[in-house]
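You will see two complexes here that share chain A, one where it goes with chain B and one where it goes with chain C.
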Partner chain A sequence: MSTIRSREIALAILTVSAVLVLAGYYLNIEGLKSLAKDLQSWAIVIAAFALGLGAVNLVSFHSMHIIRRTEHQWYLSALLLLSFAVTLITGLLLTPAHPVFKWIFAYVLAPLALALYSTLGFFIFSAAYRALRIRTYESSILLLCALVAIIASAPVYEAIWSGFATLGQWFNDVPGTAGGRALYLGVAIGTVIFGLRTIFWYERSQLGGE
Partner chain B sequence: MPDEEKRDIWSTLEHIDRRILYWILAAIVVFTLLVPIGLPLKVSPRTNDFYHVLEKIPDGKAMVFSIDATVETWPENGPGAVAIAKYIVSRHFKTIIWGFFPDAALLGEKYIVPIFKEAGLKYGEDYVFAGFFPGGETTVARLTTDIQGVIKKDFYGNLIENLPMMKNIKSAKDIALVIDIDGTNGTEFYIRHWKPAGVPVISTVVGVIISGYLPFLGSGQLSGMLMGIKGNAEFEKLTNHVGKGMSAMDMLSLAQTALIILIMIGNIALIRHWLRRG
Partner chain C sequence: MGIIEQGKFLEFFAFILLLIIVLIHVALAKRGIVSRIRRLPALDAIEEAVGRAAEMGRPVVFSTGWGGAGLYSDRGPSHMAGISALDYAARIAARTGAKLIACLAWPELVPIAEDTVRQAYLSEGKLETYDPHSIRFISSYQFAYSLGYMGVLLKEKAAANIYIGTAYGEVLNIVETGNTVGAVQIGGIYDVRNLPMMVAVCDYFLIGGELFAASAYLSKEPTIIATTGAGDAWKVITIMAMILGALLTIATVNWTWIFNL
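Coming up: the complex of A and B.
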C-alpha cells in the first residue's frame, strides 16, 4: 500500500512539475515563468546530488566485491576504490585548481583515458577490413558509402581531385542530412509521446515499474 | 602444389590476421609522427563558413566557449579548440569558458585558460573561467535567461557578480555567439535553447557525431561546424595557428589509404574465392 502511495506521489510531483515548466515556456505569465525557473534550478541541484549518489553506488558495489573476494575482480575493485579515494581526497582538500590534482589529471587520468580510447582506432581499422565486403546487395551499398566517406575524409584525395570533396559533401548534404532529419523527427515525435504518456501516468518505467 | 599455394595466399589475404592489421596501423602512426611528409590540405567550404561566422562578430563582443569534450575526445577536439581560443584572443572577444562534463574544468584549465593568460588578457575583465556545471540540458536552458543565477562562483572561487566583465552579462541576450567544443552531444542543448533566444551557435565536433548534426547545419540552427580532426586542421591552416591538427593529417591520409587498399584486397580475394568455387 505504502509502495503504491509513494509511486502515486512521485508521479503527481512529476506531472505538476512538467506541466508548470511547459506552461512557463509557452505562456507569458511572469509568476509562472518564475516558478518554472525555480523548478529548473531545483533540477540542477538534484543533478549535482545524483553525482554524489553515483559515487556512493560505486563505493558500495566495489566494496561488496572486496568483502566477498570475488574471483578475478576483488583486486581490481580495490585498485579502483584506492584511485577514487586518492582523487576525491586530493580534490576536496586541495581543490581542483591545485597542482597535485592537476598532476593526477595530466599524468594519470589523461594518458589512461587516451590509451583506452585510441585502441578504438585499431579495432575500427580491423573491423572495417573484415566487414566491408560485397557479400550481399545491401553490404555492397554500405561498402560504396564507406569508401566515399573514407576518401572524402582523407585530405590527400581532395588535393588530388577536388571532385572527391564535392562527392563527399553531396553524400553528407543529401542522403546524410535526409536520413538524419528522418531520425530526428522520429526521436522528437517519440519524445513528445513519451512526455504525454508520463504526464498522464501511462508511463511508469522511470519509477522502476512495468 | 602451386594451386594450393595460390589458394593459401588468397585465403590469407581474405582473412588477414588482426595483429598484422594492428601493426600496419601502428607503423603508419609512428612513421608519420617521426617523418612528417606534409601532404597537401585544402580548406573545405564548411570550415570557411565556420570562419566567416566568427569573422562577422564585432571585436570585443561577449561569447560563450563551452567545453563539452572529454579527455578521450580531446585529441580530436583539442586542436580546433586551441586554434579557436587563439583566434578569440586575437579578436579581444569577452569570453566565458564553461562546460557540462566533469572533464571540462580540467581541460579548460590545462589547455584553454593558458592561451588567454599568455596573451596578457586580464582575468575577470577579458575572460572568465566558470569550470563545470552538472545538470546538462536543464542547466543550459536555465543559463539562457539567468547566467548569474546558475553561476555563483567561478572555477577559482571568486564571486561572479564581483568580476567586472560579468556586470554586463546576465543572460543569452548579452552573448553574441556560442562556440561549443563537442565530443558528446552538448551542441544539441545550445541549438534547442540558445538559438531560439537569438544566439548563433557554432561547433567543432568529433567525426562520429558529424552526421547527427548535419540536419541542424542544413536548417541553419547550427551556423557553422568544424568536422572532425580534418576540420580542425583546416581551421588551423586558415587562421595560421598551426598545431596538432595539421600534424595529424599525414597520418589520416596514409591510414585511410592503407584501409582502402586492404578493403580492396579483401574484396578481390572474396571474388576470386567465389569464382573458384563456381
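Coming up: the complex of A and C.
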C-alpha cells in the first residue's frame, strides 16, 4: 500500500472517530454514547502501547551510547538502563503494590524530584531579576505588578496596613482573572478550530506534515 | 427528551454556527478571499534561530513540553501545535544542516515526531542526514523530564531552545538552563500560571491562542489561514454575546434559562 493511501486511511479513521465522539457528546442516542465511550477507551489502550514505544526509544538511544562508549555519557546511560531494568523487573515480579516497589518511589524518585523542585526557587529569583530590570515601558508595568503581588503576599505589609491584602486580592480577582479569562477564551476557540481543521483534513501535522 | 442532550442545546447550536462560519471562510479562501494573518515574531524567529545554530555548529533542542498530560487529553491540541512548529524547524534544520534534537515527555508523541521530522528531511531531499536518535523520549514523570531536558541543553550546548506546546512548573528550570547555555529561546504555552515565567526568560514568545495559529502561519495554506480567520470571527461573536449577557443581567432580565435547554 502506498504511503499516500495509508495516510488517507489514517485520516479517514481520524475523521470518523472524531465525528462519532462529538455526536456521542451532543446527541441523546444511547448506542452512539457507548460507542463514543469505547473509542475513548481505545485511545487509552493505544496510549499504553505507545509507552512501549517510548521505552524502546529510550533503551535504543542509551544502548547506542554504551556500545559506542560515548565520552561523559556512556556510564550515565548504563546507570539509567540499570535503574530502568531494576524498576521494571521489581514491578513485574513483585507488582507495583509491593513494599520494595513503593520504597523505590518513596525513597529514590520522590527525594530526587523534590530536590529538583526546590531549585525552582533559585530559578524564579534569577528569572525575576532579569525580567524586572526596567528597560522598557512594558517591563516597568511588570515591575509594578510584581510589587503589588509582593506587597499583597508578604505579611509585613498587612501588619502596616490591613488594606494591602484586600487591594492585592482585588488585583488578583479582577484584572488578573479578566486577563486570564480573555486568554483562555482565545485558547478555547483556537482548540476547537484546531479540532475542526483536523476533522476536515486541513491540518496534517499529526501525520508527519505532508 | 429530544435528540440533543439536555442542557447542551446552546453548546450544540454554537458548535454548528462555528462550523458554518469555518466552511464559509474556507469557501471564500478557495475563491481567493483569504483572511490576513498578522506577523508572529516568535515563528519568524525559528528560521533565524536554526540558522544561527547551523553557523555555530551547535544543536537546536525542541520540545512540546510536559504540561501534566499528553496527546489523549485536553493538552493534546497544544502538543499538536508544537508538532506543526517541529515540522517547520526540521525543514530548516534539514536545509541548513543544523542538528535537531526533539525531547519528548509523552511516548505517544514519539512516532508522530519521528514521522514529522523524517518527512521534513525527505521533502528537503536530505533523508540521509536524518538521525532517528534525534527524537528522544525523556520521561513522563515531571521532574525526571525536566532534569533530562536540562541535561540535553547543558551537554549539547544548545544554540536554540524551542519549547512550543504545554508546560507546568518544570518549564522555568528548563528555560533558565537554556539561558545559562546562551541559547536563543522561543517559547509558546497558554497556561496562565506558567506564562509569566516563560515570558520573563524567553527571547520570543507565542501567547495563548497564537499557539494554534502556528500551523496556519507557517504553512501559509489559504484553507488553514481561513480557519484561523473563522476563529477570529467567532471571537467577535463571543465577545458580543458576553456584552449582551452583561447588559441583560444589569437590566435584571432573566435569560439564564437558555443554558438549561
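As a convention for this text, the second predicted complex is superposed on the first by the 198 of 210 C-alpha atoms of A that agree within 3 Å, B and C clash if a C-alpha of one lies under 4 Å from a C-alpha of the other, contacts with A are read in each partner's own complex, and residues count from 1 in each chain.
Everything below uses one rule, namely that a contact is a pair of C-beta atoms (placed from the backbone, for glycine too) under 8 Å apart; a residue touches a chain by one contact, two chains touch by 3 or more.
Note that this is a predicted model, so its numbers are computed, not measured.
In the superposition on chain A, A:L116 contacts both chain B and chain C.
Once the two complexes are laid over each other on the shared chain, residue contacts for A:A97 go to chain B alone; chain C is not touched.
When the shared chain is aligned, chain B comes close enough to touch A:L143, but chain C does not. Look at A:N57: by the touch rule set out above, it reaches chain C but stays clear of chain B. In the superposed model, A:A128 makes contact with both chain B and chain C.
In the superposition on chain A, the residues of chain A touched by chain B in one structure and by chain C in the other are 43-44, 47, 50-51, 109, 113, 116-117, 126, 128, 130, 179-180, 184. The residues of chain A lying in touch with chain C in their complex are 22, 25-29, 43-44, 46-47, 50-55, 57-58, 60-61, 64, 72-73, 109, 112-113, 116-117, 119-120, 123-124, 126-128, 130-131, 142, 179-180, 183-187, 189-198, 200, 202-203, 205-210. On chain B, the positions that touch chain A within their shared complex are 16, 18, 21-22, 24-26, 39-42, 44-46, 70-75, 105-106, 109-110, 131, 133-136, 138-139, 141-142, 145-146, 149-150, 155-157, 207, 210-215, 217-218, 228, 230, 233, 249, 252-253, 255-257, 259-260, 262-263, 266-267, 270-271.
Against chain B, in their complex, chain A makes its touches with residues 37, 40-41, 43-44, 47-48, 50-51, 95-97, 102, 105-106, 109-110, 113-114, 116-118, 121-122, 125-126, 128-130, 132-135, 143, 146-147, 150-151, 153-159, 162, 165, 169, 172-173, 176-177, 179-181, 184. Per the touch definition, chain C reaches chain A in the complex via residues 1-6, 8, 11-12, 15, 18-19, 22, 26, 70-72, 74, 77, 80-81, 83-84, 87, 104, 106-108, 110-112, 115-116, 118-120, 123, 133, 135-137, 140-144, 146-147, 155, 169, 172-173, 175-176, 179, 190, 192, 195-197, 199-201, 207-209, 211-213, 215, 221, 223-224, 227-228, 230-231, 234-235, 238.
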